[in-house]
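Before anything else, here is the set of structures, which you'll find just below.
The two complexes that follow have chain A in common; it is paired with chain B in the first and with chain C in the second.
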Partner chain A sequence: MVLSGPKKEIPATAVRSITCPGCGGSVTIRSFGKAVNVVCGSCHSVLDAQDPQVKILQKFKDAIRHDPLLPLGSRGKIRGVVYETIGFQHRQIEADGQIYGWGEYLLFNPYQGFRYMTEFDGHWNFVAPLRSLPQAQAPGTESDRYYLNERYKHFQTAVAKTTFVLGEFPWQVRVGETVEVTDYVCPPRVLSAEVSADKEINWSLGEYMTGADVWKAFGLKDAPPAAAGVYENQPSPFGGQPRKTWKYCFILLALATAVWIYNAGMADNKQVFTESYVFDPAASEAAFVTSTFNLDGPDANVKIETMAAIDNKWIYLNYALVNEESGTAYDFGREVSYYHGYDDGESWSEGSSRDSVTLPKIPSGKYFLRIEPEGDSKLGRINYSVTVIHDVPNSLWFLIAAPLILVPAIFSTWRSISFEHRRWQESDHATSSSSSASSSDGDDSDDDS
Partner chain B sequence: MSFQWSSSVQTVCQYCKSILVRTDVDLQKVGQVADLPPDSSPIQLMTEGQFGTHSFVVAGRIIYEYEQGAWNEWRFVMNDGTDGWLSDAQDEYVVTFRSTVLDLPKEKEAKLGMIYQWNNVRYMVTSRTLAHYRGVEGELPFQYWDKTDVVFIDLKSDHGDFATLDYSDGDPVLYTGKAVDFDDLRLTNVRKFEGW
Partner chain C sequence: MMTPKLYLAYGLAVIGMMGYAQYAGWSMARVNAAKVVPRSIRDNPGSYRSVYSPYQHYTGGK
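Here is the complex of A and B:
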């Protein structure tokens, strides 16, 4: 049961204008009866909008004027609601002897109420008053705040001073007044607490917007000012990227590992020939051929291992793997040398008495080796052995590929860390070391939750 | 003159602005309302809306002023007959109902930052407002007309709960409820604004 009485037609509430007692200029009031103070657009006097006599509350003395980027009276649609820009404040803080100034726009919708838009160095935030109180919670994170189960990290506490005002406000506003502002960030959102002189705390929640988004929302022409640096709650372009990249890299690595293990398991890895020889450099004809051996099954690689009994000696072997039927020969040469010694208090060694070489994709068939050893006649006789293994598992590609596969993930993490580092360098927690960057990276991995 | 809601005790004649109070036997004129400030609330008498599963209709209001402007306490009656309050301060909307909690803090005790727990909700004092009674309109569930300065203490929880300690009558009265979105109230028969 809804009780509906006779509906009396009440005329629409009208926009009104007042005359500035300071300069006689006409001042439009856009927020109907809600305007408490209004600033004359011509002489910048702060006027009492509630007073029928329109008393001057403050005269404009400062030489510096700031032009709002969003013109007063312009309307924009944000999250489906149309707002009109009705007020503008320029505020600044001083940190490390440096002055940082930003613009705050008051937005109004007669049904939805007041919202804010802030702009610093081309970075924008759409801000709404907060209904619930953010809480300080877990021990060890006392300086942070929790809101709707999300952790907002303390970024900066500073005293903000109003240096220029324009338009109208539903509260008392004066040039020169100060409030203590504390920002807590959880990109793309920022929680702000403004503590006024009477210790009343006003909480608000901002969400990052790009200049392009703001320009689109307000239908503004030209281009928005370019964003400089990394802003406190600017979402990282690498936000959830490291985690995703690591995931894909690990999937790829797992696939490569599976292929590697499968190949190793499937490889025949069969010794088809082994024989020991003695090389006498003094003999006239060194070349000889081995007995034949079979390479069965599909085309596969062939590994030839040479082991020589050399101690501070070398031997060079001219090899040819020859197909008995077709006469096709695969020629290659291997030097086996091993030297070691003790010089200047340090022992050293060079080379190895063992050598192996793998020939790829040899067609199956009957083969023999033609071997022609060479050596220094002064070195004497050298014992050596030759072993042929058919179809050996190949691991080299895997050993090269595995680290390469992880490169994008490492690169992505590095970029993310350096972005967070640049963010936190602007905060109260800036450090010369990478501690703040690494601690912020800890949360980075939770980004896409 | 007639009362539309049985729970109403006071009404204001919309033509002559006389404040009328009903007693057991008759109707008594107790005062007159001065001209009200220009309206800028989207809510008006007979605005209808929803809160939870109940529909409501706005029956009356109390207007206050303070240093940061004015605000309205709209009294509504729900379809189950319950009285409630929809406060509209600078278009921030809060729905509250009178609480039966006893043992409330004295006005001087409830300083900013103090924490109280009522009905298992932890509230913190977030503002203390010295308000000036400005006028009344429509029907109210109690007599309310001869007021001057009134202290209100607002409290919030971390989950959107809202409470007000009202010291209009000396002894505190507690109202508890929720901050709400304009859209959630699904209001109809709202005021029109030129250009919107």
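Here is the complex of A and C:
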């Protein structure tokens, strides 16, 4: 992730300490006079930072404590600005009977003010409050929002509850307080609207960051927690690849078609030999050789066609295409069989009275065929004909190449669609069958955005 | 993951192979090639033993 922005160095922070009236522990305040509430790091009581008597506003009662991944007091450089982590709160929502919790870090820079860093399942967002309101298609609804000419699709609306707080905050913070949170996504950004109990709306804009980016920015050791599943505004690793891949796919298919047509058009496709024969299985010697024929021009393939007058019969032909001058032989065998009948109320047939085979790249020269037919002596004489065609167009390689070109494009599109499906499975717009099944594991079941 | 540029290179390679196979007259036919036969085959065709002679014939039918 490339982060940019004005570069300002954070000045030496004037740190103030107060004593927690609950436990007597020392509590550090880093945001000058901007802290409204501060939370004791020892007993987790919420204190009034603006009261000289440091009154306790709320005592921590829950057994569950959440350790911040970014230590309070740690500094990180984001978009060229150094921020200090001064507060942390853990919040959660309930959806489909499951609890989803995330961490929110309050960052402070004396020139830039407050920013936020959120973390859910290893997915991070750098969040800044909005200075102008997003536009809605239909005000007062959950319809998509528009901000700086970008469309943000409604993702989820839920009630978020604060379950743990630590550090200092420029607002009144309490464990147990709730706000209605609505997220609109346009990866890698997310618009969030928080509506408090007194209907005050706070808009913010988040931009996705990987754990590695955050760890690098804050100079943290070890490795960040691995990201699980697909997050609501996580940029797709496939991006615009399917569109570009399909563009290339059509170009490649057009090129393959042109090559195929060109080669087919250049083929001589010349019949150089044809003759009819009768095979008598009762004869003592069936093998014979044909008259010679010429294969002129450059080396090319040769197609041998066999047509046999067979009806519920078969004939097998041992062929050898022999170069009369060099003595080189090309051996191959072909069976021609055709059967048909009527069984159990339905007619059937298999095989064909016609067969063809294409021999690869035969050198030019004078050739003849040595033919040795075989057959069942009970089936009687069989009439058949043999035709030789030189340099025939062959579509086989085009039929192999076309799927080889198409498959990666289809696979690329499928992966991109699958990624988006996994994203929207976690939204309010997931199909009911998949949303409950995949709410925690982020699998690839079918739903639609 | 195949990037569009890699896909383009792959596709061009496929077309190159296809074009060459078509031009060279490649075939999938089962052919035993380049066997030098005696010139006497013309006088005695039955003396030549094709490599496909021991073929196990299919007699067809349901």
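Definition applied: the second predicted complex is superposed on the first by the 398 of 449 C-alpha atoms of A that agree within 3 Å, B and C clash if a C-alpha of one lies under 4 Å from a C-alpha of the other, contacts with A are read in each partner's own complex, and residues count from 1 in each chain.
Please note the rule applied: a residue touches a chain if its C-beta (ideal position, glycine included) is under 8 Å from a C-beta of that chain, and two chains touch if they have at least 3 such contacts.
Keep in mind that what you see is a predicted model, and the values were worked out from it rather than measured.
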Chain B versus chain C as contact partner of A:113, first or second or both or neither: first
Partner chain in contact with A:200 - chain B first, chain C second, else both or neither: first
Touching partner for A:33 - first (chain B), second (chain C), both, neither: first
Touch count on chain A, higher of chain B and chain C: C
Which of chain B and chain C A:376 touches, first, second, both or neither: second
Overlap of chain C and chain B interfaces on chain A (superposed complexes): none
Parts of chain A lying in touch with chain C, wherever the complex brings them together: 237-238, 241, 244-245, 248-249, 252, 255-256, 259-260, 263-264, 285-289, 299-301, 312, 314, 316, 318-320, 322, 326-333, 335, 337-339, 341, 343, 348, 350-351, 357-362, 368, 370, 372, 374, 376, 391, 394, 396-398, 400-401, 404-405, 408-409, 411-412, 415
Residues of chain A that touch chain B when the two form their complex: 1-5, 7-8, 10-15, 31-34, 36, 50, 82, 109-114, 129, 131-135, 147, 170-172, 198-201
Residue ranges of chain B in contact with chain A within the complex: 4-5, 14, 37-40, 42, 44, 46, 48, 55-57, 67-70, 77, 79, 90-92, 112-113, 124, 126-127, 156-162, 179, 182-183, 189-196
Contact footprint of chain A on chain C as seen in their complex: 1-4, 7-8, 10-12, 14-15, 17-19, 21-39, 41-42, 45-46, 48, 50-53, 55, 57-62
